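Chains here go by letter, A, B, C and D, matching the order in which they are written, and residues are numbered from 1 within each.
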Amino acid sequence: MPASGSSSGRAVWAILRKECRSEWRTRYGLNAALLFAVTSLASTSFAVGRMSDRPDVLAALLWVVLLFAALASLAHTFVRETEGHTMVLMRLVASPTAIAMGKLIFNLLFLVSIELVTLPLFLAFMGAPPPRWGALLAILALANVALAAAATLVAAVIAQTRGRGALFAGVSFPVLLPVLAAAVSGTRAQWSGAPVGAELRLLAAYAVALLAASLLLYDHLWEDA
Amino acid sequence: MEARALTHRYGHRPVLDQLSFAFQGPGVVAVRGPNGSGKSTLIRVLAGLLRTSGGETTLHVDGRATPSRNRQRWIGYAGPDLSFYPEFTALENLTFAAEARGLARPAERSRERLEKVGLAARGGERVHALSSGMAQRLRLAFALLDDPPLLLLDEPGNHLDDEGRQALATLIREEGTRRLVMIATNDEREGALAGQRVELGTRGLGDPA
Amino acid sequence: MSGNLVVMAVALLVWGLLFWYLIRLERRVADLEKR
Amino acid sequence: MIGRALLLLWIAAWIVAAFVWAPLVPVLGETTRVLYFHIPAAWVTVLALGWSMIHSLLYLKRRNLEHDHQAAAAAEIGLMFCVVATVSGALWAKAMWGAYWNWDPRETSIFFLLLIYAAYLALRSAIDQPERRARLAAVYSAIAFVSVPFLIFVVPRIYFSLHPDPIINPRGKVDMDPRIRVVFFALLLGFTGLYFWVQSLRVRVARVEHRMEERRGSGNVG
């Protein structure tokens, strides 16, 4: 039996690849999320029009669109497992933490792929001033890590409830709020030329706190058949 | 495989009550009892899928007690609640399982196991296209993936045709010589294969409130 | 000042009602526990 | 029974004191009266959330359903006090600044706690098996435990603060007429006593419910 260290690394890699292949085969999650992001973007920009002079409104709108796209799709990796009753198989081949890390990284890649499409469209549709790419990408990166960490943990919990995905938005919102607040504030600061250090530190601290908590909590998540 | 004062309740219904035993592999053990007497519960507890309300189980491999936290490393489990990813083929499912467990030669190993349960020809088929009998064989292939010291089978004969049952019987007899095999079953033929037995109490579902 | 007294009276009334309700609730819980 | 009678008289006495005896805070004028009840309610909200989270962590460690009863009761009562605190806060904001809601730090923090309570109780209502409900609710409670400090101390600082910090800072020191401080802490104590009494009642109800379900056993579990 392989030692636990390297093998859980291999398990995470195997699970990540499986998640990507499942997503590629069914393509259900990505299509839904992209459609969701683009439609909510289009409707906001239609309603609000061009906002080149209001970085605070732009920052808020960008993150509302991204947050709701995330809320609509990040629970999917766990809900799919419980609906397909494949959680037993998962638990027999990997430790809870390895399962969670595999899915967390997948959710992270998922978020990035949504943003690759939504961000350029947003900047174009809303006529946003050119962003300070360094600061903006740093904020996006850290916010994505925190979002993925929080969403994966909450998804693992609600996937085992009666309503499954239905509860995800409401239950995860308080946990996602600090990420939303810091991301909006940071995005606004980068557009108005202010330093973004404080927001980056906050996002990093929250991501670390969540990851630390998850390492302790994932063992308690799957204990009954 | 050793159990001490195992007790478990589903919500408020006592299913396992102060059950203790110790079985030495290799050999075949039948877990028998009426419906609802906790056969499946016991198998799931031994597989580390279910945390009991009381008591504990310890698996000794080569004389050393293994941590019950990652019990799944040491056992092969096949039960009705084990489902596979419908969007993947049988071979892909097994290969993924082998990779996740960090086993050597995952693809080759999976092909060997498919041959062993008579699914060699169906490896390329998507799981949702398999009949329930073939899906049951796939579960057996999964359980045998890394030659575990302990094999836990919950009603392995389900959905199998005669030819399938025949293959299952020879498989159990063969594996019984190499490792400890515990089978939860009410099927006479499977029960007959077992050298030892665990009779679960008659209290089960029939017990009046 | 008189406005305050009215509000105070209402506050005292609400507190009295709440207290009475809790006492009755406690009695019901006590006999539920016996059964 | 003496304890109950003492609680009755204590809170009644200090209600009277708050309206008759205590002076007004300079800037706030008559609106101070609301604060004598708003801030103790907010305090109990935080106390109950802490109580619920501690018992959730204890449940994860010890797996004793007693902790789950305590955590659930604390959340239910905490939600009620949180609603009282939010409403009284909004009334006070209306009196002070003419707007029921203007996202100042105190209001946003209490509102976030309301969100957490609501999410926790919604999660509980969506799970049937007692052990699983206790376990998953406890895990969510632990997650919320991590996000509360960020919600309370960080997020409000990001939004422009309207609250007159120097005069009344409930978490900081209360530096004006001593009589105000006396009334304020007395009501705080009274509310805390009330909370623990209702908490014990709710837990006893939960225990009875659990035992009744158990006695019904598997026979006719609805």
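Basically, a residue touches a chain if its C-beta (ideal position, glycine included) is under 8 Å from a C-beta of that chain, and two chains touch if they have at least 3 such contacts.
Source: prediction; values computed, not measured.
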| item | value |
| --- | --- |
| Interface with more contacting C-beta pairs, comparing C-D to A-D | A-D |
| Chain occupying the middle, per Cα centroid | A |
| Gap in Å, rounded to a whole number, between the CA centres of chain C and chain B | 59 |
| Centroid spacing, where centroids are CA-atom means, of chain C and chain D in whole angstrom | 19 |
| Between chain C and chain A, distance of the C-alpha-averaged centres to the nearest whole Å | 48 |
| Whole-Å gap separating chain A and chain D, where each centre is the average of the chain's CA atoms | 31 |
| Junction residues of chain D, two or more chains touched | 129, 131 |
| Chain A residues touching chain D - in the complex, by the definition given at the top | 150, 153-154, 157-158, 160-163, 167, 170-171, 173-175, 177-178, 181-182, 185, 202, 205-206, 209-210, 213, 216-217, 220-221, 223-224 |
| Of chain B, residues touching chain A in the complex | 44, 47, 49-51, 69-70, 72-74, 77, 79, 81-88, 92-93, 96-97, 99-102, 142 |
| Partner chain A, residues of chain D touching it in the complex | 60, 112, 115-116, 118-119, 122-123, 126-129, 131-132, 135-136, 138-140, 142-147, 150-151, 154-155, 158-159 |
| Chain C-touching residues of chain D, taken from the complex the two chains share | 4, 7-8, 11-12, 15-16, 18-20, 30, 33, 37, 197-198, 201, 204-205, 207-208 |
| Complex contacts: residues of chain A adjacent to chain B | 1-2, 4, 6-7, 10-11, 13-15, 17-18, 21-22, 25-26, 84-86, 88-89, 91-95, 98, 219, 223-225 |
